[in-house]
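In what comes next, subunit A is part of two complexes: it sits with subunit B in the first one and with subunit C in the second one.
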Partner chain A sequence: MTETRTTAAAPPPLAARVARAPRARHFVSRLLTVIGLALLVVFFGVPLAWLATAPFDSAPTLAVAWPDWTLSNFAAIGENRYAIGSFVNSAIIGFGTCVVVLVLGAFASYALSRVRIPGRDGLLYALLLLSSIVTGTAAMVPTFQLVNMLGLIDTHLAVVLVVSGGTLPTVIFILKDFMDSIPRSYEESARLYGARPWQILRDVVVPIARPGLAFVAVWTLVQVWGNFLVPYLLIRRTQQQPAAVLMYTFYTESGQADLRLLSAFALIFSIPIIVMYFLVNRRYGFRFHGGIKS
Partner chain B sequence: MAGLGRFGAGAFVAPALALIGLFLVFPALWTIYLGMTDYRLTGLQAVDPSFVGLDNYEQILGDPAFWRSLRLTLVFVLASGIVGQSLLGFAIAWALRRLTGWLKSVVETLVLAAWVIPASVASFLWIALLDRRGGTLNEILGTQGTAWLIEHPMAMIIIFNIWVGTAFSMLLFSSALASVPPSQLESARMAGASGWQQLRDVVIPNIRGHILTNTLLITLWTFNTFTPYLVTAGGPNGASEILAVYIYNTAIPGGQLGVGAAISLIMLLINLVIALGYLRVGRARAARPAEATAAETAGGAATS
Partner chain C sequence: MAAITTHALVKEYPGGVRGVDGVDIAIADGEFFALLGPSGCGKTTLLRSIAGLETITEGQLLIGDRDVTRLEPGQRGVAMVFQDYALFPHMDVADNIAYPLKIRRQPRSARRGVASEVGDGLSLTGLMERRPGQLSGGQQQRVALARAVATRPEVLLLDEPLSNLDARLRLEARTFLKELQRELAVTTVFVTHDQAEALALADRIAVMSAGKLIQVGTPREVFAKPATTFVAGFIGSTPMNLLAARVEGGQVRLGSAVVPMPLDAVGAVTDGAEVVWGARPEYLGWSTTAVEGGVEAEVTVVENLGASVLVTAVAGADRLQLVLGEDDEPAPGSRGWVTVPPRRTLLFDAESGRRLDAERAREDAVAVDVAP
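Right, the complex of A and B next:
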């Protein structure tokens, strides 16, 4: 109060006022930023901390605590009947989807990139729109029923096909971009030597488009590896389940959860996706950030 | 044309289209029919379902559980998506915009890590954090014995979803803020505008398109996420049963495939409305392509 009155009675020179006020304001805003960032680190870091400590603790609890270091928890994965098998299942589903999506996506995007069909762009956008509307969640009932009628319940093939169908529009869209940027002259000369279209694709286009294909492969793997709903819906037999579903089974169906197994399993399960993500992130930057995970 | 005639091109595109047709287009259309039958998972109607017309819709619209689920979904999308993720994502991007060094990398890495780890792992991390007896949260707050997931299930899945999804908004807004012309900010500062005034008068008008895109994508994704199921399974007693979980619980454990299909169609229609909104915005912004690229690529990712 007194300060205000003195200021009012004898205003200091303009320059001094301007200089002082921003400095105070700057300090306060700096302080608030630091406090805010600290709270953020706590909010995002505390739940994650368990994943970093519990797998290495000889007696892990649910709480985050400094571990009593050991690596023996990872042996628990080998002792579980289903754990290693579930990683194999995840790998089969992941690579299976990659192969289907890459092969079909490469053929389709190459053709769409090279041939002018009326309504091509409309088709691409319609497919893209459709794939964002018909999500796994919204279409779970008809998808389940379709797979049921095809007799594919409890098979990896079912998950591969359903996920491929859902991701192909995006894959074709991304790959077409890469295909468009490949100069046509290479193909022209290959054609002069009598190469068939599929030979041109295999021997000329694919080697040049390799970065694009690699990106799509990683993108697809990231999509499939963590996908819970589709395999949860379509695979009921524990032996067939991928890690995403088995992880959930570990903490819901076994009564008292075995935290040694759970923590080690969770870490091993998460590492590939974190590594792949940061790899792509470093190489491609934000242009694909949103696309990498939905 | 690389020797690829129309016929050859058709042969190249056909396998992909067939797969998309069978596993993406067909289920969407089939829902319309399934939703008008009394299909069940087991029993007589599983073998020989009959056509019941609009009975399922009559049942759903008269069911208070459906309306509660719709209301919870609305709260969930508003609080965790539109308000939570967008505002927090923007705030982080704003706070980090001029920062460099380790603090920035730590914050970014943590936010991103929460986003990329598999959903079933993230869910367990939160179940452990919120556990009644041994959870870290109760230890930090000294509130031993508070069962967060039973006493405040909606609040918890909202906070959980903010934790999981904020990374996208953070990334989108970081790139948006980088596109604001520094000269405009500089002249605002020269004119004595405070941080808040710069934000309101320079930054927000410049990134309006990004805000719209972000809001629509987040709405679509939050509306379609199934991950809260892994934390609360819709419980206790349906208190956190958002629409995605409601469909699952009705159709699979509940065995009522026909009714589930009918709700699915309602969900598909809501998705269509959101996506058409996105498309309109996208077209309006097509005139300014540089601004659009990042988000458009992301827009194609709302699969599975």
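Right, the complex of A and C next:
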């Protein structure tokens, strides 16, 4: 009898004990993951929360707080002499750069994808490396001098050209990948029916590479829209300045950053890019249809 | 409709590699012509040279009476179906078929009309609004064919037309392709590495190797009278038996066995010559009793081919393969005699690999006289 009782009181089988330890460890690792993710969300979320609330607060501070609802901040933008004009300037520069980059990028990447020249890849990588210099801080002075000598200071064209020069290598690099994935047989097929190169580009290559072009257009627009340094250097007249530079001038009379104007302006500033992203993503979804089997 | 003629056609790649090396070919008007060879033999390069997608380095290419050697692809009157069909994924079937007409600036209504007419002929009715991605492999091929014939080309080129279809569909497509070619009577050149495809489809076959033509002939000629051991080994679903042999007293000695002299070679060889004896597995027979002129052998492997069997038999150092009917299937390990019909066997020169043929030897002698 005593013997049977001891067996009943014996510790749980070995298997159960072994199983419990990993379960505990699993729980801890899950917990750490969740805490890590939460911190990340806070880090990126709080500025966005500020952007969502501060524009509607009658007395915004740098802290995120439940706003004291008002739309007067947006009215203040209307009162600013340059605010509306700066968005027009931004749009002109953004659209101009997109057109230049898309047209030149499509031609260059198509040519680089199809023509075999020695050192092609080396050339591409070198351009990619140098491109960060063109729009970067290091080339500030020579860029200014060059534009000055061309007599293009205070023009949108100057910004369009300099930013295009800086983004084109990356664009060519990205587009070349798209062009590479278009089977040559498509173009050869069109050639056999007598299509000229520009017809092949128009009827076959561009439609198939359209998701790539759309992606590049959005990416370029983001680059230009948010670019501060280049327009700040090249455009001195306030009425010519794009939104990203104009924001820099929003101070109160006491020399403090005018958070009412800034927050409302920043919200409007970010909307076109977000809308553009959703439109393009919805239209193209960044998918790609290729050939059957090569 | 036009004939295709090439004179000493050469396509040399940078670096001196010759994809096509001095090809002389005459393809008749309306002929269904196959370019056959192992991969890398230059058959696709030759096809692409005819299309104009490769610039011809030397030589001359005529389509009909026109010298098209230096013409752009679009001006040659050729249409081509690519191995991957090259259907434009962003256009529907009708636009794909009518694309050549768009290039020729025909109005949209006319294009739609031609597309539906050609499409109906290729049983594509009801698929006109679909994108290529929504079609099966066989349908895609028919769309590609429709696009190629929509412009009524003088020459139709097909690059590996059946290789992207699965095995069952392939047979169906083969028959369909042959029918279509008959119907259109358009000069058609196709490239394949599959000898069965070439034999089944073509009026004539050109066998290529290393950029050169090895033999041009009807499927029957190429199958029964291969010009070289290379062609003999390449053509046929079971490769030809090729054994080293020696001519002895008007007969052929294979190891310890002596087989009768192949009829074609009578008069073309001298006693003591080192030769290669060739016999197709399908033409060899099997006997369980001793046969005059047979080869005594032991069966090692029997492979079932459905209604027939592929038997591998060993005679001394030689291995012979024969195809027998299912009723004559010998047991592995049994001994017997391989029977050899002299009318169906061939001799090749051991050194050059060329077939030894009394009749051909005379023709060659004439050809040598004519050559400059």
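By our rule, the second predicted complex is superposed on the first by the 200 of 294 C-alpha atoms of A that agree within 3 Å, B and C clash if a C-alpha of one lies under 4 Å from a C-alpha of the other, contacts with A are read in each partner's own complex, and residues count from 1 in each chain.
Convention: a contact is a pair of C-beta atoms (placed from the backbone, for glycine too) under 8 Å apart; a residue touches a chain by one contact, two chains touch by 3 or more.
Everything numeric in this text was worked out from a predicted model, so none of it was measured.
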Quiz item: Should A:Ile92 be classified as contacting the first partner (subunit B), the second (subunit C), both, or neither?
Solution: neither
Quiz item: What is the contact status of A:Pro207 with respect to subunit B (first) and subunit C (second): first, second, both, or neither?
Solution: second
Quiz item: Who wins on subunit A residues touched, subunit B or subunit C?
Solution: B
Quiz item: Just subunit B (first), just subunit C (second), both, or neither: which does A:Ile84 touch?
Solution: neither
Practice problem: Based on the superposed arrangement, let me know which partner A:Pro183 touches: subunit B (first), subunit C (second), both, or neither? | Solution: second
Quiz prompt | Contacts of A:Arg191 with subunit B and subunit C, given as first, second, both or neither | solution = both
Quiz prompt | subunit B and subunit C footprints on subunit A, overlapping residues | solution = 188, 191, 195, 289-294
Quiz item: Can you list the subunit B residues touching subunit A in their complex?
Solution: 1-6, 8-10, 12-13, 15-17, 19-20, 22-28, 30-31, 34, 39, 91-92, 95, 103, 106-107, 110-129, 131, 133-136, 139-140, 163, 168, 171-172, 174-175, 192, 194-195, 217, 220-221, 224-227, 230, 244, 247-248, 251-252, 257, 260-261, 264, 267-268, 271-272, 275, 278-279, 293-295, 297-304
Quiz prompt | subunit A residues within the subunit C interface of the complex | solution = 183, 185-186, 188-195, 199, 203-204, 207-208, 210, 289-294
Quiz item: subunit A touches which residues of subunit C in the complex?
Solution: 51-53, 72-75, 78-80, 82-86, 88-90, 99-100, 102-104, 133, 137, 140, 151, 164
Quiz item: In the complex formed with subunit B, which residues of subunit A make contact?
Solution: 18, 25, 29, 33, 36-37, 40-41, 43-48, 50-51, 61-64, 100, 104-105, 107-108, 110-112, 114-115, 117, 127-146, 161-170, 172-174, 184, 187-188, 191, 195-197, 200, 222-223, 225-230, 233, 243-245, 247-248, 251, 262, 266, 269-270, 273-274, 277, 281, 286-294
